[in-house]
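Labels run A, B, C, D and E following the written order; every chain starts at residue 1.
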Amino acid sequence: MNPIVPHLIVAVLLFAIGMTGALARRNAILTLVGIEIMLNAANLSFVVFWRFGPNPDPQTGLMFALFSIAVAAAEAAVGLALIIVLFRHRRTTSLDAADSMKG
Amino acid sequence: MLGIGLIKGLAETGRNFVGSYLDPDRLVTVEYPEERLPVKENFRQFPFLVFDGEKADIGLRCVACQICEKECPPQCIYIEKSKDKKPDHLGKPQFYPAVFDIDISVCMSCQICVEVCPFDAIKMDQQFELSTADRFRGLLLTRDRLAKPNSHFQAIHPRDAAEIDMRRVDERAKAEAKAKADAEAKAKQATAAAPGATKAVASTPKPAAAPANEGAIS
Amino acid sequence: MSPIFYFLAMLTLGGAVAAMSLRNPVHCALSLVVTFVGLAGVYLGLGAHFLGLSQVLVYVGAVAILLVFVLLLTRGSGKDEFDERPDRWWPALGVGGGLGGVLIAVVLAQPGLALRTAPPELPTVRALGESLMTDFVLPLQVVGVLLTAALIGAAVLALSDRRRTPQDSGPVTSREEGETRR
Amino acid sequence: MAATLDQLFVQLLHGMTAPLPEAIRPWVALAISLGAILAVFGLCFGITTVCERKAIARMQNRLGPNRVGPYGFLQFAADGIKTLTKEDIVPRTADQVVHFLAPLALLVPVVLTFLVLPFGRNMTAMDLEVGLLFFFAAGASTELAVFMAGWSSRNKYSLLGAMRAIAQMLSYELPFILSTIGVVMITGALSTTKIVEAQAAAPGEWLARWHVFTPWGLAAFLLFLIAAFAESNRSPFDLPEGESEIVAGYFIEYSGFKFALFFMAEYLGMFSSSGMAVTLFLGGWTAPFAFLDWVPSWMWFFGKLGVLIALFIWVRGTTPRLRMDQLMDFAWKFMLPLALIILPTAAIWHYAGRGWLGWLVTAPIVVGAYVLLGRSLVGRRRIRQRSYRYAAT
Amino acid sequence: MPSHGGATAKVPTEAGAPRGPDAYRLTAGDNEYDDGSLLEISMGPQHPSTHGVFRMDVVLDGETVVKLKPVFGYLHRNHEKIAESASYLAAMPYTDRLDYFCSLTNNWAYALAVEKLAGLQVPERAEFLRVITAELTRLQNHVCLAGFLMQDMGASGTPLMYGFREREKILDLFEALTGARMMCNYMRFGGCRCDTPPGWLEEVRKVVDRFPRFLDEFENLLSSNEILMARTQGIGVLTRDLAINAGITGPVLRSCGVDYDLRKVDGYGLYPKFQFRVPLGDHGDTYDRYMMRILEMRESLGILRQALDAIPEGPILDPKSKLRGFRPKPGEAYGRIEAPKGELGFYLISDGSPNPYRYRIRPPSLINLTVLEDLCLGHNVADTVTILGSIDIVLGEVDR
């Protein structure tokens, strides 16, 4: 079998799991976890295409994944800071509580 | 500059590290069961009852006056007075303790009993390895286990013992002199009446007091 | 495909499922770590050593720690947070499953997925660094700016509210309290 | 003869793996190396605990353990048997699974960090091109284990200890990594083997090119060492387990063998970060002077490791513990700026050459930065020695 | 029968205070604190650095103390009532156990009170012996305090062991003089129990001569240490007014600049004859409290040297004092001394019987402990431990 396929299927499943979780979970932190999983799934596909893909450029896929990791770290930091602020105001991390624009 | 104090401290511990191998003043540890410090003369730990002579039940100095029982701060002494009387070293008939118990687990070795005793009968021991596996019998010392000969007291508290022995010798000499004088007076009064009886009274305590005399001199 | 890959894939997917379905948020975060480690293993297997180790360093060493830290700070760890209604799960499962199905179908049905049979020569770290400094220098700078902004933003967000809370009294006020109380 | 002794263990490994088929040979070699590392450093752990207790005892003018075996050196065996036979108590409210996994999750990454350390010439268990990154990645994973232990015990003290540990390890991770970047810049490699080779004496020179012999290298070495103290939770950074404040920190609810695992992980972490300090700054297995090259390389490595461990012990016997905010201040306001200043200094050194010019330019920068940062750190808190007055009468 | 239901536990009583198991929680019924963002931990009675069986209920915001409640009484031994039912002499060994570091100063304070009550005169040699033993006690108390303080700061025992090494030498002196190392039970009404054994004063002089070397070592090790200074300076600041209002005494009071030393104020014993200075601090923080002890030790050494030079021969007990059947006239007396920890006072009322009618102790540890919360608020958990250590309490004295 084409070795690219199982790798891609793992990436797809990971993405689907992350998406399901991000939609279903109400805890803001777990939603963030879901998003992280989706980002990782995307990263995996980048690496897979870098490794097996037809693109002759040897490093673009790797670089994209690397930058994506950096962005994910920033996203996690800001997202979690937001959650802390939300918790301070609402005393909960449930996303349903964040339903008004005014703090 | 940051770090100077830290380096000073490191130098100090380093010096102590080396010093502990070289300087006996630094390494003060005594490895107890194998090495022992000499016991200081004043050291006190748990009282014992002094007896003169060889046998505890004859030579016990205690007259069961119960002052120590009353004064004992944690009330760890239990005394029962005897029904009968025995002659003491002066030849005077005295009570003796039928029961004399001290509870080690309560006693705090404060020496108050020793201080208040008018008969020099209870003294502080220096035996400190008193632990035992028997919680009840082992920790309640009865009269027989409390009684220790005067020679033991002389060994652990030589200065005190010498002083007390001197005093007791004096007392007895005085008592004997007085007894003699009394006897002589009696003898004079009743010129031919039973001279052997007084002699017998005066000579009874002699065997018991003899070792005490020797100890005081040596 | 080597059995190691299948093992790592199972680890990754199992971790992800656990991370999205366990009740206790801390367990979720810990399962997420399993996913991250599994992915790092997959990367290493694919020859992307630098990326795999960066994945561990960043995700396990920083992001996961940050997650559990926030869980602790928001007291989310003690309570049972799994009180969401199942009616949220069915649509979510529908969307997720549908998307997954479509994508898997696409992957399987795509005959034109060209395969580079010979593995690319694995780039040395030096080569990676050089391309970072030449071809990718603009993204690098942008990521740098982004990270700085994120750092400052996170710090400001987390700090600003702090000053207003009444409990955050310094030693000076406490001493005044002590005196008035006496 | 010297060369045989030098390569003794390498030859041994070759001899053991040679009859195996080609496909599994590297894996078997790795497994054997791992076993050897576990055995050697396990023994080191035992001996170090005894030595530490004896050394600290001597610093405190005590005798230390001296009952089990000759001079008490088998004390660790007695302690090991004791911890192994002790009852393993898990609190009823604890999260059983996480509580069980935490010591393992701590020990495994710590052991993995040893794989990339070059113990001698050709004696790296896993000679990765990104060895240094591997070391940091594995080291970073220990934080999670600490959190697992602290959180799963359901004890307030352990939770406080875990929070402290995580905050501390995260903060010191930065100077820990940044202080090594200078070395990576100068040697141009992330491979530990290459870093060590770069520090060997060049032909014709009498002194080795250890990084610690340069101004920036010395400063980076000290930073790395301080961060290593913090990463391995050793005094004066032993807040996560500060026994006088939070009793035992994150492993308060562990007993018996699991506690021993934590204890072991702490010491192994100390060994691995010391080993990395030796590798990066003290020339790894290279001899300091060219004429001492005949001494087997692994002896150099373990000798230097021993010196660093002795330093760890010495500091532990001396210092009081820092407070949490001071710890953070120290990491962020002193170590991090200093590490950032050291980076360009290393670059300047690289271009100014290792002659007198390099010294003239870089030494003042490093010393000046140290003095200024130190003064601002101390000055902000108005910390100084005081003089005292006496009552008039 | 008390019910165990959660509902009944929350029923407010007269002052709105909750009852049941929650009643002892600091955050109970307090909405400001009870929102779950604070952590309440109980430090002690089994805690490594509460100096015995002391307990602190601490409410933490992160690691900052927002509330602290000292809980004590775990070591209550009914000392005062026992003394009221025993003879005057029988209370003396019990005073050893108040502050078990300083049994000799405790003896002195009690003896002083009884002497006032019974009008006994202390011979001069006994007064000298009292000063010598009291200052030795001060030395060994302060070295232990400094050691324990450093131990609380996490110094893995090194300063503590140095302190104990020196204390050992002083305890050996006590043992040679009184027969016991800690529970000395040495002073009697109107003097001391026994005279010095031969050569004892020379031994004291040896120890006194060696002691400054130890103090220098200690200061080298610690006083300039950056970590120590950072941990103690500006921490647990006790203001002058609060100290005076709360009745703080001893080195803790002097560390905030109040010149109050009973050795100078009352001039009891022979202290007016000796030259010594009273060190004063200006900040009232933990560092000052620590340094007060170090400086006081140097002054104590001066007193000891003067006393050893001037000690006369003579009797050691007032001939009027009686061991058995001691019955002071009806009346009351308050005897106080500057114990190493502060003002230690004994208040006695006699009704002419062999035992005191009222026997009351003013323990410095307890009174000094009352400001603990004021000192700790707003500081770190780690600081509460060092602040407690710098106040220098002994639970035997706090709980009595």
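FYI, contacts are C-beta pairs under 8 Å (C-beta built on N, C-alpha and C of every residue); 3 or more make two chains touch, one makes a residue touch a chain.
No experiment lies behind these values; they were computed from the predicted model shown.
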Touching chain sets, computed without chain A:
one piece
Taking each chain's C-alpha mean as its centre, the one farthest from chain B
A
Taking CA centroids for every chain, report which one is farthest away from chain E.
A
Strictly by count of touching C-beta pairs, the top pair is A-C
Inter-chain centre distance, chain A versus chain D - centres from mean C-alpha coordinates, in Å:
34
Just curious, how far off is chain E from chain A if you go by their C-alpha centres, in Å?
61
Whole-angstrom distance, CA centroid of chain A to CA centroid of chain C, is 7
How big is the gap, in whole Å, between where the Cα atoms of chain B centre and where those of chain C centre?
79
Hey, what residues on chain B touch two or more of the other chains?
2-3, 6, 9, 12-13, 16, 26, 28
Going by the contact rule already set, what residues in chain E reach two or more other chains?
36-37, 158, 162, 165, 221-222, 224-229, 234
Show the residues in chain A shared as contacts by 2 or more other chains, in ascending order.
none
What part of chain B is in contact with chain E in the complex they form?
2-6, 8-9, 11-13, 16, 25-26, 28, 40-44, 67, 70-73, 108-112, 115-116, 118, 124
Give the list of chain D residues in touch with chain B in this complex.
55, 58-63, 314-315, 317-319, 334, 370-371, 374-375, 377-378
Residues of chain D defined as touching chain C within the complex:
95, 98, 128-130, 133-134, 136-138, 140-141, 143-144, 147-148, 151, 159, 163, 166, 170, 173, 188-190
Residues of chain C that touch chain A when the two form their complex
1, 5-6, 9, 12-13, 16-17, 19-21, 25, 28-29, 32, 35-36, 39, 42-43, 46-48, 50-51, 54-55, 58-59, 62-63, 66-67, 69-71, 73-74, 76, 81, 84, 88-89, 91-93, 95-97, 99-100, 103-104, 107-108, 113-116, 119-121, 123, 127-128, 131-132, 135-136, 139, 143, 146-147, 149-151, 153-155, 157-158, 161, 165
Sites on chain E touched by chain B in the complex
82, 86-87, 89-94, 96, 158, 162, 165, 168-169, 172, 175-180, 183, 185, 193-194, 197, 210, 217, 220-222, 224-229, 323-324
